[in-house]
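Dropping the structures in below, format is C-alpha cells.
Shared chain: subunit A. Partners: subunit B in the first complex, subunit C in the second.
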Partner chain A sequence: MTYKIGFPRMGETYIGFAKLVELFGYDLALPDALSKKTIRLGVQHSPEYACWPFKISLGSTIEALEAGAEVIGTLGGSGPCRAGWYGELQRLILVEDLGFDIPHFYPMYHLNDVFKIAELGGTKSRYRALKCVKYAWDTMRTAEYFEKIAIKQRCREVNIGETTKVQNEVMKMLTETYEPAKLKQAKKKGTAMFESIETDKKMKPLKVGTVGEIFVVIDPFANLEIEKKLGNLGIEVDRSLYLTDWIWRELVMDYHPVTGYFAKKYLHDNAHGYLHEPVGGDALEGIAWINLYKEKGYDGVIEIGPFTCIPEIVTKSIIPTMSRDLDMPVQTYNIDEHTGEAGFITRLEAFGDLLSQRRDGVPLPTRDPVTGRFSSADFGAVEGKA
Partner chain B sequence: MGKRVGIPRTLLYYYYYPQWNTFLRELGHEVVVSAPTSKRIVDEGVKLALNDACIPIKLYHGHVVDLLDKDVDAFFIPRYVSMDPGARMCPKFLGLPDIIRAKLEDQIPLYVDTKVDNRKRKHIEEKFYRGIAKQLGNNPSEAKLAFAKSQEVFEDFRRLLHTGMSYLDALQLYNAGKDLKAEYQARKDIDPFDHPLNDPEDPSQPRRLHFAVIGYVYLIYDDFINANLWKKMETLNVSLHTFDQVTEEALDYQTQRMHHDLFWMFSNRVVKGAFHFLHQDKIDGIIHITAFGCGPDAMTTKLIELEAKNRTHIPYMRVLLDEHTGDAGLMTRLESFTDMIRRRDSAAAKAQNLKETG
Partner chain C sequence: MDAYMGIDVGSVSTNIALIDDDNKVIETLYIRTKGRPIEAIQNALQTVGKKIDPSIVVKGVGTTGSARTLSQAIVGADVAKTEITAHAVAASHYHPNVRTILEIGGQDSKVIIMEDGVVTDFAMNTVCAAGTGSFLDHQAARLELKIEDFGDIALQAKARLNIAGRCTVFAESDMIHKQQTGHSKAEILRGLCDALVRNFINNICKGKRLDPPIIFQGGVAANKGIKVAFEDALGCEVEIPKHYNVMGAIGAAILAREHMEQQGGKTEFRGFEVTNFDYETKSFECEDCSNMCEVIKVLMNGELIARWGGRCGKWEITG
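Let's look at the complex of A and B:
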C-alpha cells in the first residue's frame, strides 16, 4: 500500500521535499500554501511564547494531517536552539492535546531518518534512496537559483509584476519535472524566461541584503513578502541564507565545494570583533553577513527575526554598535502573528528613503510596495489620470 | 598584584559563586559583587538592554552598570557555553560577553570572558579556570592550586544543597566562613521533608506544606525579582524545595520520561527537576517561575504542563515574572494557591477520619 505523507511548508523548499517523498514512493498530502488559517491553527495550539516558525510549522502540519497525511516528516534539529525540539513538542501537542493518531512521525535529525522514511515508502535500496535525495537536492537548488534571480531582478522590471509571474511559472515547471535531464532543461528554460523580461538596464538600484533567522528570511509568507516589497520599491535584494547552504554546512560538511571555502571559519572570521561564539540559530551568520554586505558595497541590511527569537536577541543587541562602527544602516524586524502590514510597510519605505538620501540625497520615488505601481501623485500624467 | 574583580549578582552567580569567589581569592584578588537587585538596577538594565531581551538579561545589564562605579579593575563575564556534555547554555549566555561588550565597550577596563565548553570532553573546567587566571595575570601553577581548592569548596557546597538546604542559606554559611564539611555532617541525616513545626500528633497546628519551586536559579533566588517568594512562603508555613537540591543522578534518572534531552542545560535541569518532584509523592504543590521574554521557557513550560496534567493530584501554578510584577498581586495568588491546597488537605483528612471511625 502507498502511504500518504505530509510535512510543514517553508518557502519554496517544499518543491524539493515533495519531489523527494514522491520519488520514495509516497502519495503527497501537501498542506495548502501558508495562509491566515495556518497561522490561526498554529497560534491556537502552540505555547504562547513559542517562536513564530514553531507556530507556522505546527499550523502547516495540522493542515497536512487534515489533507490526509498518515506519515509526517518534520523539522528536527541540529541544536542548540528551540528548533531541535520542534518535532518532539509538536508531536506531543498533536497527539496529547489534539488527539491525532500519527503512527509515523519522523523529525529529521540524521540522514538515517531519511532512509527510514525512504524504506517506509517502499524504497528499500539505499543507493536508490540516495539517488532520490540527489535529485530532490538539485531541484531545491534550482528553485533557490530562480529565487535569487527574481529578488535581484524585480526592481528593474519595466512591466510591473512580470518577475513574479515568471517566478510562479518556473516553480510550477519544477514541480512537474521528474528526471535529471529534464531538470537541466528546465533550468535553462527558466533562466531564459527571466532573461526575456524587459528590464531597465541603466538603472542603478539601491542594494539591500537580508539576514536573520532562517525561517523568516526564507519564507515569503512569514516575512510578509519583504523581498517582493523591496523589489517593488525599486531595491535590489540579496538573501544571506538558503536552506541548501545551511543543510550542507550543518549536516553534510563544512567545506563548500562550489564556493570553495570553509564556511564556519569564514563566518567566524567575518563576525570577529562582534560575536565570538556561534550562539545558535543564525546569529553568527547574521553578524558575519552584515560585515560581508558592507564589503560588497551594499547600501543597507535588513535583519529579520521572529519575536522572542533567542539568538536574534543576541544579534539585535550587537547590531547598533556594529552599524555605527561600519557606517552601515541596518534595520531590524521582529515578526509574529501580531505584526501589522501597514506599520511594516511604513518602516520599509522609511528605510528605503534613508538609504536613498544617503546615496543620492533624495528620497526614493514613491511606489506602492505591494503592487509596485508608481503613485499617481508623481506620475499622474503617465497613468492618464491627471 | 591583586585586582578588584567585579561579579554581577545575577544569572550564574546563583549557581557558581562559591567556586568563583574561592578561586579568585585564592589567586589573591579581591571580589566585588554588585548590590542586590533593586529598582535602580532594574531601571538601569531596562534602559541599556535591548527592549525584547528577557528580564534576566536586562537585569544582568543593570548589575554590570552597578559595578561601573565600584572602581573595579576587571569584570567577570565568563562565557559559559556548556557544562554538561550534550547540552549548551541558553544562547543568550553564549553571547553574553559580546552583548555587554557591544553596549559598554570603552567603559570596562578588562573583560574576564574565557569560555568553558564541555560539550566534547568532560573535565575541561580546569582549562577554563586557567584561562581566567591568565586573563588576570596569574601563572598556571597558582591557577592549578586555586582551582583544586575552589573545586573542593564547590563540591562541599553542592553536597550541602543536596541535604535540602536552600542556596541562599548555604551561601550565608559560606560567606560567614563556616566549615561546609562540618555543616554537611550535621545535616546529612535530617530529612528535609521533616520540619520541626510539623507535628502530626497535634492537629491544632496546621500542617507544614512542602512545595517545589521550579525555575532558573536567577529567578527563584533573586528576592527582588520574585517579590520575596521565600519569606512569603515562610509566613504561609510552607517549605520550598528546588531542583538544585536534587542530585544529578536523580535528575538524570528523569531523562527516561523525555524523548531526548533539551539543548539547554538549565532548562533541562528545570524540566527534570519538575518531573522528579511530580513523581515523588512528597510534594503538596508545584510553583513554576518563568521570566517574561524567556525563549526556552516556551518549551519547558509546555513539557512541564503536559506532565502535570497527568499528575493532577499535585496542583501546579505558573508565575510569569516581569519588571512590573506586583508584590501584592503575587502574594494574593500564592495565598489562594496555598489555601486551596490546605482545604483539599483537610477535606482529605476528614474523609480519612470518617473511614477510620465509621
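Let's look at the complex of A and C:
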C-alpha cells in the first residue's frame, strides 16, 4: 500500500522535501501554506513559553495530519538548542494530548532516518534512495538559488511586484519538475525569467544582510516577509543562512570531526574575538556573518530571532560591541505571535532611513514597505478597482 | 508666505506643526486622537486652517506617527516617514550636537543615538507598552489626579520607594500594595517615575551608550517627575525642547521641506478643505485564502482613494 506523508512547511524548502518523499513512493499530504490558521492551531496546542518556530511547525504538522498524513517527517536537531527535542515534544502533544494516531513519526536526526522513511515508502535500495536524495537536494538548491536572485533584485524592479510574481511562477515550475534533465532546463528558464524583469541598472541600492535563527530567517511567513519589505523599500538583501548549506555543514560534514572542523573553520575565524564556542542554535553563524557582511561592504545587518531564543539572546548581547568595533549598524528583531506589524514596519523603515542618511545624507524616498508604492499619488490609481 | 506642514498622528495625540523656509515654527497644535484618527486629522486641520494668516501657502506636507499611511492618503502628503526619523530630524535641527534622544509617547518609547547629526542607532519598545504615557494616564486616573499634576506631586516625595517596573501589571499590584501599607501618594508616584526610567534604560537602551547632550521629548516630557528621574539615573542634565510634544510633527515638516526642495514640483496637499470632505474607512476580511487578511478601504466622498492590508498584494495597486 502507499502511505500518505506530511511534514511541516518552512519557506520554500517544502518543494525539495515534497520531491524527496514523492520519489520514495509516497502520496503527498502537503499542509497549506502557513497562515493565520497555522498560528491558531500551533499556539492553541503549544506550551505558552515555546518559541515561534515550535508553534508554527506544530500548527503546520496538524494541518498535514488534517490533510490525511499517516507518516510524519519533522524537524530534529543537532545543536544544544532546544529545537533538537521539538520533534519528540510534538509527538507527545499530537498523540497524547490531541489523540492523533501517528504510527510513523520521524524526527530527522540523521541520514539513517531518511533511509527508514525511504524503506517505508517502498524504496528499499539505499542506492536508489540516495539518488532520490540527490535529486531533492538539487531541487532545493535551485529553489534557494531563485530566492537569492529575488531578494537581490527586488529593490531594482521598475514595475513593482514583478519579482514576486516571477518568483511564484518559477517555484511552481519546480514543483512540477521530476527529472534531472528537466530540472536543469527549469533552472535556465527561471534565470531567464528573472533576467527579463525590467530593472533600474544604474541604481546603487543599500545592502543589508540577515542573520539569526534559521527558521525565522528562512521562512517569510515567520519573519513577516522582512526580505520583501526591505526590497520594496529599495534595499538589496542577502540571507546568511540557507537550509542546504546548514544541512551540509551541520549534518553531513560534521559526521566526522575532521571534515566538521574544516567546514566550520570560516565561522570560527570570523567570530573570533567575540564568540569562541558554538552556544547552540545559530549564534556562531550570526556573529561570524556580521563580520563577513562588513568585509563584503554591506551597509547594515538585521538579526532576526524568535522571542525567548537563548542563542539569539547571546548574539544580541554581543552585537553592541561588534557594531561599535566594526562601525556597522545592526538591528535586532525578536519575533513572536504578538509582534505587531505596525511597530515592525516602523523600525524597518527607520533602519532604512538610518542607513541611507549614513551613506547619502538623506532618508530613503517615501515608500510603503508592504506594497512598494511610492507616494500618495499612487493611491489614486486604485479608483474603480473596488 | 511659504510654509511646510507636518502632521503626526499617534495613538494618543494628533499634532500639527507649520514651519517657514528657515524651519522656524509658525504654528503648532496638540489634540487627542481619541481613537478616531480621521476625525482628529480633520479637526486639527480645521483649527489650524482658521488660526493661520490667509497669506500662508502650504508648499509641502509630511506625515509621521503610527497612522502615517492613513493620514498621507487623507491629506495628500508628499512624504510619510517614521516617528524615529522625524524625531531625530527635529531634535538635531534645534540641537545640532545632540547625542541621545529619549522619546516617550502614548504607546511607545524610543531611544535614538546620534552622531554628527546622523542617527547611528535606535531602539523602540516591542512586545510590551510598560512605561509609556498610556500607563501613566491610567495610573493617574486610578488615583483620581490630573495627569498634568503627576510630576509636581511626585517631586514632593521625601523618601524613595522601590516599585517593580518590569511589567505594568506587576507595577500596579506593587503600587497598590505600597498604598495599602500606608505610603503617601507622592512617594508612590515618585517610585513609579523611578521604576519607569529604570525599565526604559534596562529594556530599551540595553547596553547602548547614552552620552550627553541628552534631549527628552514626546508627551511624557511634560512630566517633571520623569525628567528628574532620568537626570538621577543618567547623572547628567536632560534637556526638554520648547516644542517637546510636537517634535514629530516638526520633523515631518522639515522632511517635507527638504523633499520639496530636492524634487521641486507641486505639493500633493488637498488643502485645508479636506475638513469638509466626507471620509469613511471600511474594512473587510478577504476570504480567498487561509490568511484571511483584513483589508482596509478609504473612501473620500464615497470614492475609493486608497486600499491596503493584504499580504499578497492583489488588493493594492501593482503598478
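Odds and ends about this structure:
In this section, the second predicted complex is superposed on the first by the 366 of 386 C-alpha atoms of A that agree within 3 Å, B and C clash if a C-alpha of one lies under 4 Å from a C-alpha of the other, contacts with A are read in each partner's own complex, and residues count from 1 in each chain.
Heads up, the rule we're going with is that a contact is a pair of C-beta atoms (placed from the backbone, for glycine too) under 8 Å apart; a residue touches a chain by one contact, two chains touch by 3 or more.
All values derive from a computational prediction rather than experimental measurement.
Using the contact criterion defined above for the overlaid structures, shared-chain residue A:P180 touches neither subunit B nor subunit C, since it reaches no partner. When the shared chain is aligned, subunit B and subunit C each come close enough to touch A:N334.
When the shared chain is aligned, subunit C comes close enough to touch A:K36, but subunit B does not. Touch criterion met: A:A342 reaches subunit C, while subunit B stays clear of it.
Once the two complexes are overlaid on the shared chain, A:G68 sits clear of subunit B and of subunit C alike.
Contact with both subunit B and subunit C is seen for A:S317 once the two complexes are overlaid on the shared chain. The partner that reaches more residues of subunit A, of the two candidates subunit B and subunit C, is C. Of the two partner chains, subunit C is the only one that A:R358 touches; subunit B does not reach it.
Legend: residue contacts after superposition of the two complexes on their common chain; A:F307 is shown touching both subunit B and subunit C.
In the three-chain superposition model, subunit A touches both subunit B and subunit C at residues 307, 317, 320, 334.
Contact residues of subunit B toward subunit A in the complex are 49-50, 52-54, 57, 79, 81, 87-88, 90-92, 94-95, 97-99, 102-103, 105, 115, 259-260, 262-264, 293-299, 301-303, 306, 309. Subunit A contributes residues 47-51, 54, 77, 79-82, 84-85, 88-89, 92-93, 96, 274-281, 283, 307-311, 313-314, 316-318, 320-322, 334 to its touches with subunit B in the complex. Across the interface of their complex, subunit A is touched by residues 66, 69, 72-73, 76-85, 108, 118-122, 124, 126-127, 206-208, 255, 258-259, 262, 268, 289-292, 297, 303-308, 311, 313, 316-319 of subunit C. The touching residues of subunit A, when paired with subunit C in their complex, are 32-33, 35-38, 159-162, 164, 225, 307, 317, 320, 323, 329, 334, 336, 338-339, 342-343, 346-347, 349-351, 353-354, 357-358, 361-363, 366, 368, 370-371, 373, 375-386.
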